[in-house]
Amino acid sequence: MFVTCVVDQVFPQVGVAITQVLERLGYQVHFPEAQTCCGQPAFNTGYTEEARKIARHFLDVFRDSEAIIVPSGSCTSMISHHFADVFQHDPKLLAEAHALEPRVWEFSRFLLEAAQVDDVGARFDGIVTYHDSCHALRELRIKAGPRKLLAKVQGLTLAEMDAAEECCGFGGTFSVKFPEVSGAMARTKIDSIQKTGASTVVSIDSSCLMQLQGVIQRAGLPIRTLHLAEVLASR
Amino acid sequence: MVGGAERLIVTAREQILGGVRKALSRTAGQPPLFETAPTLRIPRSDRNLYVDLFVQKLENLGGKSFRVRDTAAVVPAIAELLVQKSAVASNSPFLRKCGVTGLAQVHAGFTDREELKEACAAADFGITSVDYALAATGTFVMLSSHSEARLVSLLPPAHIAIFPRSLLLANLDELLSILPRPADQTSSMVLITGPSRTADIEQILVRGVHGPGEVYAVIVENE
Amino acid sequence: MKAPETEIQQAINDPRLQLAIYTGTGRLIDHRAKVVGAEELPDYQELRNEAHAVKKHTIENLDYYLEQLESNVIAHGGQVIFCRTGEEAADFVLNLAKERGLHMLVKSKSMTSEEIDFNERLERHHLEAVETDLGEYILQLAHQRPYHIVAPALHLTRYDVARIFTQELGVENEVVIEKQTRIARGVLRRKFLEAGIGVSGANFLIADSGAIVVVENEGNARLSTSAPKIHIAIAGIEKVIPRAQDLAVFLNLLGRSATGQPLTAYTSFLSGPRREGEIDGPDEFYLLLLDNGRTKLLEDPEKRQSLYCIRCGACLNHCPVYRKIGGHNYPWVYSGPIGAIITPQFHGVTEDTWLPFASSLCGACAEVCPVKIEIPKLLLKLREEVTQVKRKEDSDVMERFAFQLFAWVAVRPKIYLLLASLGSLFFPLVPHIGPLKKWASQRTLPEPAKQSFHQWWAARKGSS
């Protein structure tokens, strides 16, 4: 499992939830403790050199892993799509990155396609709306999967928001460089969430949830943000 | 063009083409690398349904259609529209065949550009035939020629296009398959799809901005 | 160099403007969605692939197709003028008008002409260029730049238009949109019939036909190119496509992507002056082929796909950043995602270095681009170039130091974990750190967890 730096430091409960769900399904979960980051923040800000160093460390840590589960659409996409860009001038590392690709799994996809389950016996009461995080939706083509998993959660009602596919406004350093725009984008999302009457917004990307949570709390709204794993781990 | 200016223009041409070749690492006269033939998607559908489809599409756009059995039924179909109105008709033989050019309020037979422009600017209706019509989109295809001038379907605030059903094609792709190089035949081919419109202000639809706001098709089924 | 922060802030805090932009683009999004779905257009993805392939082929053999275009235009009685700069294009028109004693021309919508400040250049030499597209006409009266590639007056309400008409035309205050349109129609009708020159842009240039294609809804392009005796078309050299039959793919994509119309009201295929026997149409046709830096863009094999753009505006409509900051906060006439990738290529990455970063890389643009330009990929490439320049210039030291430090730490897990555990001590300082202040002001800050996942795992391991 590659928990991602955001989960590690800010939302460890997501990592805990994934561990629980996988162990309940009979998997043995390994957590290589030397893991740090996939390098996406550096890559997206144009610091390709720095991203390369971080990505290389990732390869070192996960080279021999059987399956790497990632609770983030954007980090999965960084590893399986953009490592090739980062290593384009280094044939050896490029080959390693390509060899790694088929073993990298976004969490919901792992459940549906590798574990072949859509019902993990979860229970979560309430109205939930789902946010399609951009990398997951457009680079990994993940849309129906998480909804399928949510549909099997007992007690859960899924209410679709109009702006489900619109960007939450995080974009990594984008939210730091263009904070007003980032905030305005989040507020548009939150208006859409409120229209659904949902008390919880779920995503497969913790950075999106972090972005939304920040603006929700600032506005004092009674909306929770939860990672899909946390919903699936609830009993 | 003035002689001195000509030299300057040649230099700009060579500079631009030279710049393009350099950027692409190509040499002058080098033929292009392989290209595939264009894909034309012509539906295999029942031609008998083309009129229905055309009428439906045109009406969705705010145009109106009349379906008449034969050329003799054309004038009665449009007579009411033309009451107390003036019209300019093109020189299309089909219009003559339908008796349109014989009507009192219809002015036809223009061959002088200025006279035509003046007449069209003053007329309530422009009446034309078409060269083709496209069922999939409710489109008139008009080629500029000695029979069809450009301004007749453009200047007057209303346009009536009268044509035989045999001119209906499935769609744009079919048009391009039978007319692969329109420029060989005319300086102007226009695809007219419904009335002139705009949504430039608050995305609110308004018809009849510069071109005709009212468009009528008269389709002669037996031709 | 710096982002227009104040203006962006103003745009975001203007509820009327935000509503106009959001609903305007929202309608265009919905219109498009209705006509590219699996039922309406089952071949949509294939069409995109074909369009991309044709553009790629043409751009990679551009000189060949430009020459073919030129010889066919000449064969049909027209003339081709290659223009390196906007100035050359404007000078040609000025000289021609002067020669013929003409003082006014009518013009249909052309972003290329906006790009080269065509109207301003002409007006400086007392040649009046009248915009005839309704949106562009309103903007001309208001002395404003287009707000959107396809819907130039997206940001204006009927009340804005009423005010502009009263102020500039002296008419009584009129807020009914249909009546406003009639006012414009009346004024412009006279101009069409009086003008000695009509200027148009071109959506496509057809090499095998020596023709231009102009796509519109109002009829002003038809009138501008049919009523005056001289027709001048201005187009960038990248607009060429090989064959008339290629229009099957492009016309099936353009209207749908731009406004949700399978075909716009008028599509004109024009090849030069009127032929013998034709009753009306221009006597003279001039095609101005504009470079203005396009050959520079051609040089980069990765980024030259930016030239595939058919100016549909779909990327603008779907861009969450455009939908917040609006078209006037982009530094050039081309706004939205396409503007973000071509502006630095035309002007150099050192101008407006903020522009490639003004994106969350959500990818909505690439998803809707009819010619499949990889916009996010090009944004990343431009970001890398900006960073390299900064490295060389030794500017933005703090940011570079931060990332270098992060990279150094991220490959040393023990140090990474140590710093992370100390991080919670330093966290309260975040809102006070310069660049993070504004970020912090928009939200309640996330708090670092009391126990990181690493720590949780280690504890679990220890206790088992």
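Order of writing sets the labels: A, B and C. Residues in every chain begin at 1.
The criterion applied here is as follows: contacts are C-beta pairs under 8 Å (C-beta built on N, C-alpha and C of every residue); 3 or more make two chains touch, one makes a residue touch a chain.
It should be emphasised that the depicted structure is a prediction, and the values quoted were computed from it without experimental measurement.
Peer 1: Can you tell me which chain lies farthest from chain B, using the average of the Cα atoms as each chain's centre?
Peer 2: Here the answer is chain A, farthest from chain B.
Peer 1: Tell me, please, which two chains come out on top when C-beta pairs in contact are counted per chain pair.
Peer 2: Result: the chain pair B-C has the most contacts.
Peer 1: So what's the Cα centroid distance for chain A and chain B, whole Å?
Peer 2: 53
Peer 1: Using the average of all C-alpha atoms in each chain as its centre, how far is it in Å between chain B and chain C?
Peer 2: 29
Peer 1: Using mean C-alpha positions as chain centres, tell me how far chain A is from chain C in Å, no decimals.
Peer 2: 32
Peer 1: For chain C, which residues are in contact with chain B within the complex?
Peer 2: Residue positions touching the partner: 20, 23-24, 27-28, 43, 50, 53-54, 57, 60-67, 72, 76, 81-84, 88, 95, 132-135, 138, 151-154, 156-158, 161, 177-178, 180-181, 184-185, 188-189, 192-193, 206, 208-211, 217-220, 222-223, 225-227, 237, 242-249, 251-252, 259, 261-275, 277-281, 289, 291, 295-296, 298-299, 304.
Peer 1: Residue numbers of chain B touching chain C in their complex, please.
Peer 2: Residues 5, 9, 12-13, 15-17, 19-24, 26, 28, 30-33, 35-36, 38-41, 91, 110-113, 116-117, 121, 136-137, 139, 144-146, 149-151, 154-155, 172-173, 176-177, 180-184, 186-204, 206, 208-212.
Peer 1: Enumerate the contact residues on chain A facing chain C in the complex.
Peer 2: Where chain A meets chain C, its residues are 3, 7-13, 15-16, 31, 33-37, 39, 41-51, 53-54, 56-57, 85, 134-135, 137-139, 165-167, 169-186, 188, 210-211, 213-215, 217-218.
Peer 1: In their complex, what parts of chain C are in touch with chain A?
Peer 2: Listed in rising order, the residues are 3, 5, 8-9, 12, 18, 22, 320-321, 324-325, 354, 356-364, 366-367, 380, 383-388, 399-400, 403-404, 406-407, 409-411, 413, 416, 420, 423, 435-436, 438-439, 441-449, 451-458.
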